[in-house]
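Going by the order they are written in, the chains are A, B, C, D, E, F, G and H; count residues from 1 in each one.
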Amino acid sequence: MFKLADLAKNKELFSHGHRACAGCGEALGVRQIMLAAQTTGLPVVTTMCTGCLEIFSSIYPHSAWQVPMIHTAFETSASTASGVEAAYRVLRRTGRLNEEIRIIAFGGDGGTYDIGLQALSGALERRHRFLYVCTNNEAYMNTGVQRSGATMFGAETTTTPVGRKGYGKKQFEKDLTAILVAHGIPYVAQGSPSFWNDLITKMQKALDTDGPSFINVLAPCRLGWAFPPEETIELGRLAVNTLMGWVSVGMLTPEKSRVVAICAVE
Amino acid sequence: MFKLADLAKNKELFSHGHRACAGCGEALGVRQIMLAAQTTGLPVVTTMCTGCLEIFSSIYPHSAWQVPMIHTAFETSASTASGVEAAYRVLRRTGRLNEEIRIIAFGGDGGTYDIGLQALSGALERRHRFLYVCTNNEAYMNTGVQRSGATMFGAETTTTPVGRKGYGKKQFEKDLTAILVAHGIPYVAQGSPSFWNDLITKMQKALDTDGPSFINVLAPCRLGWAFPPEETIELGRLAVNTLMGWVSVGMLTPEKSRVVAICAVE
Amino acid sequence: MGKLKGWRELPCGAIITDMSAVKENKTGAWRSMRPVWNKEKCKQCLMCWIYCPDSAIVIVEGKVTGIDYDYCKGCGNCASICPAKAIVMEKERK
Amino acid sequence: MGKLKGWRELPCGAIITDMSAVKENKTGAWRSMRPVWNKEKCKQCLMCWIYCPDSAIVIVEGKVTGIDYDYCKGCGNCASICPAKAIVMEKERK
Amino acid sequence: MILAKTGNEAFAYAMKQINPDVVAAYPITPSTEIVQLFSNYVSDGEVDTEYVPVESEHSAMTACIGAAVCGCRVMTATASQGLALMHEMLFIAAGLRLPIVMAVASRSLSSPLNIHGDHSDSVASRDSGWLQFFCETVQEGYDTLIQAVKIAERANLPALVGIDGFILSHCQERIETLEDQVVRDFLGRRKPAYNLLDWRNPILVGPATLQDYYFEFKRSEIEGMNQVLPIIEEVQAEFGRIAGRKYPVLEEYRCEDAEAVVVLMGSACGTVRVAVDRMRAKGKKVGMVKLRVFRPLVHSLLKKSLVKFKKIGVMDRVDAVNSYGGPLFTEITSVLYDTDERPWVFSYVYGLGGKEFTPEDAEMVLEQVLTGKEDELVTYVGVR
Amino acid sequence: MILAKTGNEAFAYAMKQINPDVVAAYPITPSTEIVQLFSNYVSDGEVDTEYVPVESEHSAMTACIGAAVCGCRVMTATASQGLALMHEMLFIAAGLRLPIVMAVASRSLSSPLNIHGDHSDSVASRDSGWLQFFCETVQEGYDTLIQAVKIAERANLPALVGIDGFILSHCQERIETLEDQVVRDFLGRRKPAYNLLDWRNPILVGPATLQDYYFEFKRSEIEGMNQVLPIIEEVQAEFGRIAGRKYPVLEEYRCEDAEAVVVLMGSACGTVRVAVDRMRAKGKKVGMVKLRVFRPLVHSLLKKSLVKFKKIGVMDRVDAVNSYGGPLFTEITSVLYDTDERPWVFSYVYGLGGKEFTPEDAEMVLEQVLTGKEDELVTYVGVR
Amino acid sequence: MAQVLEIRWHGRGGQGAKTAALLFGEAALDTGKFIQAFPEYGPERMGAPVTAFNRLAEEPIYIHSGIKNPDIVVVLDPSLIEPAKVTEGLKENGVLLVNTVEDPGVLRQRLNLPATVRVFTVDASKIALETIGRDVPNTPMLGALARVTGVLQLEPMLEAIKDKLLTKFRGQEKLVESNLQSIRRAYEEVRGIE
Amino acid sequence: MAQVLEIRWHGRGGQGAKTAALLFGEAALDTGKFIQAFPEYGPERMGAPVTAFNRLAEEPIYIHSGIKNPDIVVVLDPSLIEPAKVTEGLKENGVLLVNTVEDPGVLRQRLNLPATVRVFTVDASKIALETIGRDVPNTPMLGALARVTGVLQLEPMLEAIKDKLLTKFRGQEKLVESNLQSIRRAYEEVRGIE
């Protein structure tokens, strides 16, 4: 359990001045994660996918990131992190870098469940040591709310509109967390910024993991979920508690197991 | 249980004249699969990845395939099949095609575990109805035995050579079958041409599945596994029975469950 | 706009080196509603702080001391979440 | 080689329309060992047939009748697998 | 009908009228709306289309290929990184001679990331064997997309129809549309060169070839491209008859007695028209040559037209980063190489990453061409 | 040392001597052996390299980018479909100004699939901001790869070094190698323009840019390319001093009094040398111009050299499928556009998909150029 | 009226400035005009200041570049006036139309505008709340704009917009009616008409 | 010897024709020659007939195209003689060297070769079995080839090959020794030397 007063001593590594929608759950999640990233006391280097996060945090000449950050393309957060980690290894091995650092890769659900899945899966198989955080708002928000592999059955998006024939998305969501568990990596978890303490605890565990780790962070989106700006936190809670497509028996009891157990929705 | 005498009445939809190595387990597996593909009585349309299979079955002007087959690229068997299935659907829906057909997509372990994983995962999430067969010889054989995600821990390949420092592959294999199970598709199985009856039974089940199905077929490779040509069948048996990286409690008891249960090697 | 750099002044590679420049981006301008913090009612639970997407709750030595209107976008989550109702949302003037 | 088609004779798109052309590819030439089938010993279990990667075991009305040396590559799996030892491998002449 | 439509809306509307069998696409700014709006038509049952919401553009193009080999009429839409991610599959679509039609709301390429309009994405795929059209207005986009289906199917080659990202994709303009039935009659049904689903006559698509056949297949594809120009002209003429609108492959605007002209493609042509008018009003003899068809390279038409002028500015909305001029500049000078007259040709690169290009900029370029600037190889318009 | 090495072996050997910090690569014929052999060096501890066996070429290039932004010296190898799959990331590597060096054993592009050598793969990426070298021999491949590291790092731009697939990649030739230490001294350590791992001075790499900055960033990248030629010449000169071997950017072979020359790149230059010798022996005044550096486009050197000849055949081992000539033909005619002399220039496309190109073919081409063929725009050498 | 009438809209991401511009373009089209309507080209976030544009003319419009010196500026949210520098580039004899409770005169003074600029205000938020039931000022502002420009007649415009809204709201007639009502009211209630 | 000596190897995928050509090239290099060695360019499968090539010259070799009219043809597997058409393109005064038990004369007659072609045979498989312990005829054939071409002297060649084999077999000296032994024996035992 973390105390807020302690946490408040940490730096805001994800700074204000970013251009997320007022009340953006993704921005909030990332801010909490970057606060939590300091719990290990080690410097952090980060990568990210194209997506809302990248657009709202890094329009030249402004960077909300107060840590090193690289964005290459949409599908490439994990593969970029692979390269960064390889560089880190060789520099450490040959004595050209003396400090231990931690690497965190961010990707939206589009960049993770869909277009970036392979890069992630490959990086996990190669056992690069980094934490991958999926900021999951269950659709492609940056391009205006299209369906993603994380979008739930029946959900309306701009590519699964409700119409005279259509009733929203026709398929169930991909259970990415289960897929990650099947990769046999040492730490997999789900979280939400609405449960800050849970999320931050999981962050700490993930960063301590010797090997790849993964956290799927459910992040309510103003635009996609269409709610008034002041309801972000509440919606995040509701989403978790109603198990709407977001079912993890281990979710709020991270102590019980390093790898959360998953039961599918279907 | 199938009888060989009955099976022998089927056509050789994968014809001799192909250029696989003498004793190739992949060619054998594909031949058995194409014999089994006739058990539903429906015509079959196929796709494949670049790899040994494509090279040994389709050098212009020769096609070992006696059914429609399309090869586009290395990573694209599942995405090509997505397009074929979409075409099939619309043609059926609009009354321009009257027969039911079955679609089978082939991919090597490289084309499935690694470079084609995302195309496969996406196709499964979209619930295209096709059977995906991974002809898994646990390395990239067509290009000369490089490691793949399916290569076992410690195995020597040309990119994981044993040397003064190297001892073979440093990572465990990706458990693709488990990953497929996590996709929640209705039928997932493993098989081997050394157990022809098991494989053919699974083929029948897979083709009857309303939705995506998957069979991971372990196929000994002359070049990669470096054995005398006459030992293909025996090696396939040994690989399954010794559970060398190929562990499935459901493997030889496909009756018990539609989705095989998996226990990881690690 | 006059201070946009010319191409010869740009760094080699598309990089940002001044990570503090983001402070120029005063997102307070986005606000149409304004959170008003009531020191008296505040129980210092810091919930508003941890839940503000824009790090706009000012903390000094572990205590909330106000709101940074330069960056607060007026989303109202701090007000929603405050168990003591110490923050209320008001319309921006005009 | 004389019969290679010119570009004007090729189909539109990279396709093969004659699926029987593959029969021209007599892979029997690859063989350095030759399986010899012994009718007497054969129990007609068809194991050689299902396990031949090159469909080179000739079946007529459900029974093995010989080996198609035009395509048999001489891998020897039929011989290995035959429970009746009805197939033996011999060196190709010379 | 007269409608107000943005470029994306017009593309989606044309697609509704075309009623393709399969659309496989992936969202990307600024083309996203095209499939987004199209999926409304799908959801409302206004089209028969099977819509495949793929997980990446690589799979989008691959699924298009898979559907097109089955004889279907197939379309997609993309831009920028999406087009770049398809790169491998573009060549494959052309090699298989599949008339896939792609709507592009063109946008620059990373790095750095930029979502705005320039031609880098399409032009970087210019060797892939795709036809490429660049449109000036929303109307032209609408008309061209419909024509492209017919042209592609007659040529058995895929076609890309580009509108400038945001500048046209997000700009509402007045357009005249055709009746649904008119479009459907105009297009008829696709007559595929082969059909994978014809399982009674199995074929193998996409074999490996050795040295003995590859070049011959490629030569046959090249010939396919060589035959396209007359097809374009015929289809345009036919379209002109039903729609009353004509677009020459190459348009000369106020070129009669022009001493200097600029050649360019896309939305900036309109802006240049304004500039030409203003300069003509001042008595300056300038004109514009608008190129609608970038692939095939219409060398004979270009030569015939451009040889008439003394001074030519070639304006590229893309740079080849090769320490030489823009790609169109290179091609046009090449085309004019063996003419006796040999006009002076200058290279202008403008509007990358959506850099504003105003009538004033256009006047500046025309003025420079007119006087004959000779300092730098390439002028980068508007770069600070 | 004098060694017998295939092109792939020589590349791997050079890489061993270069001892890059990170190599991320994916196998593809005919370049596979490069990383395969290199991984032996890794396994034997002969290099410090961190070898990343990625799951695709898209990730190969991305991992290279990730490592290169950390200040590492980074290399990879690929060909054909692999290069095409990297397409998107090539532009990003250049935009980020990362001196990644890529060994390419070039090969044609699908469809149909073909594993043999032609230049389609590299040439289709010619706008990506990468330097491109094409080598004639294994020796030249070895020497160029080493030079490319230094050139790329000085230019802060990525570089591709190509040898023709199979023809060189799998051909063992006699090469002279340098001592390991000589190579390491020649290269020194990379001095990166920025370093992501310098966490005390955080930076953000690869931001989004709007219309206000993208073109300026691009302009700066373009300038990077404009500055490359002198760097190449300096590095070559320096290399020449330690190795005793010199490769001009542009080589004229028996051109003194030539009436007709051919211009080309890659392994076929050797074959053409044989043909030139034979024809010279018959008293025919022919020669060859060999181009080693395709990017940047060395327009000034090309112009200076080629303007001397009456008749030029430009030989492309790739076709642009645009119903016009090969890409090099287009560029060369463009470059010569404003010369007074204006030689006759003909386009020859040869060797696609590994189509055999013999000295007899070369003689045929030279003979044609000499007599001045004028029938077809492009001659496809050896196509049935 | 200039040969081409150029309008700039100011709103916040989510307030529908772009939609308003598009609707206005459609309405103008129906009166036989040539039109353009386009949003600011950029990544828009909810709450962030955004702009959108219109061009109207009697002749085909060829130009394809942005609008720097609008004839008319429309502001959907009064809190934007200072931060978004709404009057930047406004033509000397231009028009400023703002959704606010403030009086045109007061506004003019506060912004220190030259006499040549005409200023209009309307309480579109109130109208929206009273008619549609939510603070969606973009629709009523169409009415106010039609009035101050004079280029569109109220009734034909209502006709034109009705069509679009019926499609947009999938036939919810009541909602469409209240929207039209809001336009009518704003047309009437706009202040500053001499 | 022609200005450039051209050799073609015939074997089966897996038999090491390519390796033999490369080793021969390396050995020739060490004697100061300019060399080329390359496999048939194509997808090779185990068992399938394959070819490989060598060029040897005193001067630098520039040509980069295939070999159609070899001076020498080497056949690693006698069962290939007919199916692989091993004599195709062989120069009129060329050399045919085959791993077989057959006598050169018999072979010449069977293949109906012109008198100008010289024929040599050696039982390399037997030699390999007796020295190396496996039927790997490619190494002994190097010895036979050196003998019939005369371009390489036995001892320097053995020296050169020893080096390569030591690397290849990671220092297994015994294996290397037996390989060298096989080369030596084939050099001696080749039949058909006049």
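Keep this in mind: contacts are C-beta pairs under 8 Å (C-beta built on N, C-alpha and C of every residue); 3 or more make two chains touch, one makes a residue touch a chain.
Predicted model only: the values in this text are computed from it and were never measured.
Contacts with chain C and chain F are shared by A, E, G.
Ranked by separation of Cα centres from chain H, the top chain is G. Chain H has its Cα centroid 40 Å from the Cα centroid of chain B.
Averaged Cα coordinates give chain E a centre that lies 34 Å from the centre of chain G.
Averaged C-alpha coordinates put the centre of chain A at 33 Å from the centre of chain B. A straight line joining the Cα centres of chain B and chain C is 55 Å long.
Taken residue by residue, chain C touches two or more other chains at 4-7, 14, 16, 19, 27, 30-31, 73-75, whereas all remaining positions touch fewer. Across the assembly, chain E contributes residues 53, 55-56, 58, 81, 85, 88, 92, 95-96, 110-113, 115-116, 202-211, 213, 215-217, 219, 354, 356, 383-384 that each touch 2 or more other chains. Looking at chain A, one finds that residues 19-20, 22-24, 54-55, 58-63, 65-66, 71-73, 75, 113-115, 117-118, 121-122, 125-126, 142, 149, 229 touch two or more other chains. Chain pairs recorded as touching, per the definition above, are A-B, A-C, A-E, A-F, A-G, B-D, B-E, B-F, B-H, C-E, C-F, C-G, D-E, D-F, D-H, E-F, E-G, E-H, F-G, F-H. Contact residues of chain E toward chain B in the complex are 21-22, 24, 48-50, 52-56, 58-59, 62-72, 74, 88-89, 92, 96, 196-200, 202-210, 213. Only residues 4-7, 14 of chain C touch chain E when the two sit together in their complex. Of all residues in chain H, those touching chain F in their complex are 21-22, 25-26, 29, 33-39, 41-43, 61-66. Contact residues on chain C toward chain F in their complex (touch as defined above): 1, 4-8, 10-17, 19.
Those residues of chain E that touch chain A in the shared complex are 26-29, 32-33, 35-36, 39-40, 42-45, 51, 53, 55-56, 81, 85, 110-113.
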